[in-house]
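The structure under discussion is supplied below as structure tokens; questions concerning it will follow.
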């Protein structure tokens, strides 16, 4: 496909209410439940870019800096940040709604990688994506550095070849 | 607590059968479901080390190199690989059972970080852990490097202070 | 609250993938599951208007003109269409995503009524709402007619007092 | 089928205990969950009349006049009230059990419409039904009026042709 | 309570449709799911006798002589067969509906024992029950023999004291 | 298969955290949920012996002597205790973890029978099993007595032919 797409065109939104079975004994949302919700919404963003079945390839990084409570209204927003030959990096931003103002307070973000596959499960190529906003551009740039890092950690790239990443340690 | 514990003493095991609702349209286990199972079993290992409520702090890295099928018997084994002041790094190894031999085939591994908290959700200190097997020792060593990396990525440590990690790029 | 709000400010979005357990023996989404999803997202819109717990008062009308399939990506969008003293009428529009173009195809719409309650479950007053778009205005107007109709059906209003509705049969 | 059937022959009963995940933050059964249970039991009544797969065509009216609590024993009873060419109107009565006497207290009622379909999803004809009790006769009569009303609301019938319904506004 | 009750007054009914997640890889209802449904409906019958919280004390015997299929309509009917000082024996009969005639075909039966408890979980006394039909009488008689058997198996009664049961082996 | 297997080779382990939806109104794990978990893990042990689909044939005996609480960590361990021509008896031991010591406290045990079936659901033969530990030997011996008892209760064996069982009543 020659037509370039924007991250915005892959935006997927999910809003959930935290139910009792989603919480731990402190009454807070369990990390595993949130990871599950993130995976589903990210798969939808990936699908919106390439119109094919997309499967989770990796979870690059997720942090849970503050607890989400029973009964909270949680909104997940996901967008493709960059696409490679057959893989896509997806950012998921998570917001909790302030109960008296309905303000959306960002509580965490996550980065997942998906691969587009055919019916036999073999990887297929995906369209390119063109970032528009400042945040989209920053995430697009960072995606290459994160890809190098994960290749090194998996032993598939020599640290000396990771030009972008190496610069980080030479300043 | 002065007594040192071994990773083995924190071993937690969960065996699941992949049901229809756990699968995507290709009939393979969805990544999000596996992430959820991993989180629960890791929380149990963390609890076995410190006997306190433990909450997910981050998912450092998970890859999904090959699909797990509907009806597969999946076994997750988790162990604390290293403990820091109030956090613990947990490794989860995932196995699928060969249907005709019952051999356990390793399909992926994941690294989660948990924090022990009191009833108000404040971090509390956790016991040290002493690795015994070769694999446990290698994971114990790597944990420090991974911690440095995540501190850098979060902007909480200067790359130049990450002695162990830096060495990786200087060889 | 004196400040008027718009329907748009109450917009809530949920995107789901139809899983095996959501379907009947024809492989289509069961009506009951969709009714459940509609109720949750409508409760969130109601909450966004009044910042209080809102409970379902009635389902006025829902039709299911065409089937939604296993694996379909379903998006629900809900907005408050009109508020009365302590109740709110909510419209939920449901879309299915075309698998090759990602176009959103509207498959049905539903009208629910919610009531804002205090911690004892007693009704409390809700803010007024001011429609902006043509569709919002049409729904705002219709809400009064639908309220009269449901009061008549419940035996709480005489048909002769339902001015708006009566006009419908006199043309 | 020439043989006429009674509403009683389509009676379907479901008894559930309200669990934590079925409740909102006030500890009351969520409307959406009850709508889901109603849909399933109504589908069974519809099936008992026509022995074919039946799909939800519409929810005509449901009201939730009083809350059902966590731990309550809820019984749903559904019966076909009238059949048309390929559709059936179903009444669902909902009862909560008094905890100290086991008396069944009626808490709400709902009206759903189902359509019988073949394996391709096309509507097929359904047997007629003959009401026996006073309540069954009243519901049988009302079904025609409700059908006219929904045809008018859907723009498929002129109000002036809805003889039965029109009478309501002319008294 | 001096008033005697009949098994019929404790009758509880549940009708379920077998969904994909309830089945094994052969497409048949998993035994564990049916055991769960049986437990819930039996708890309701027990509650209807004594109006108190009732907890499962034991599952005496359940057999699964023939498979129940995906999409089958399953009806469970449970009744207290006999009450002892604080325990009750419950029979659950399970029926599957013939898809073309709606005939109820009995597929299995189960016997559970429940104990009535107060808020601290301590056993409390339950009302007596008086069987009416032939089947109810036979089950009432058998309950004593089954109780002796379970006391022997638990090492709480000497076989020689189990008068009724012993007779079985002396013929 | 001529090779004999040990019960240990069929050991299957599942660890669960008791969630809100698993509990009754006293906050204790519902019996039905535990019966479900037992069935799944026992099916895995049965599969590990014969590498075929195994279906629940009966639940011989389960007792629930003490309550398991919300938030408890529950471990189920199951092993085949004896195999017959096409059926296997499985023992499931259930442990709850002491929250301050992580000691495994045994809370109950259950005995299930499974049958190995081919794709048409017909029984097929299963390998023999050879007990090693004292407990395994005692359970292996008891299995024959339990089989006789269930055949008598089902009217398929005359009490006088149940040599082993009869001895119990003649001492």
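Each chain gets a letter, A, B, C, D, E and F, in the order it is written, and its residues are counted from 1.
Here, a contact is a pair of C-beta atoms (placed from the backbone, for glycine too) under 8 Å apart; a residue touches a chain by one contact, two chains touch by 3 or more.
It should be emphasised that the depicted structure is a prediction, and the values quoted were computed from it without experimental measurement.
A.B. asks: Return the chains common to the contact lists of chain C and chain D.
C.D. replies: A, E
A.B. asks: Between chain B and chain F, how many steps is the shortest route if every step has to go to a touching chain?
C.D. replies: Steps on the shortest route: 1.
A.B. asks: Roughly how many whole angstrom separate the Cα centroids of chain D and chain F?
C.D. replies: Their C-alpha centroids are separated by 43 Å.
A.B. asks: Report, in whole Å, the distance between the mean C-alpha point of chain E and the mean C-alpha point of chain F.
C.D. replies: Those two chain centres are 20 Å apart.
A.B. asks: Provide the C-alpha centroid distance between chain B and chain D, rounded to the nearest whole angstrom.
C.D. replies: 50
A.B. asks: At least two other chains touched by the same residue of chain E: list those residues.
C.D. replies: Only 20-21, 25, 40, 43 qualify.
A.B. asks: Can you give me every chain pair that touches, using the contact definition above?
C.D. replies: A-B, A-C, A-D, A-F, B-C, B-E, B-F, C-D, C-E, D-E, D-F, E-F
A.B. asks: Using the touch definition up top, name the residues of chain D that touch chain E in the complex.
C.D. replies: 12-17, 40-41, 43-44, 47-48, 51, 73, 97, 99-102
A.B. asks: What residues of chain B sit close enough to touch chain A in their complex?
C.D. replies: Residues in contact with chain A: 24-26, 28, 30-33, 35-40, 43, 53, 55-64, 67, 110, 112, 117, 119, 121, 149-150, 152-154, 159-160, 162, 165-166, 168-171.
A.B. asks: Flag every residue of chain A that touches chain D in the complex, lowest number first.
C.D. replies: 19-21, 70-71
A.B. asks: Taking the touch rule as given, give the residues of chain E at its contact with chain B in the complex, in rising order.
C.D. replies: The contact residues of chain E facing chain B are 20-21, 23, 25.
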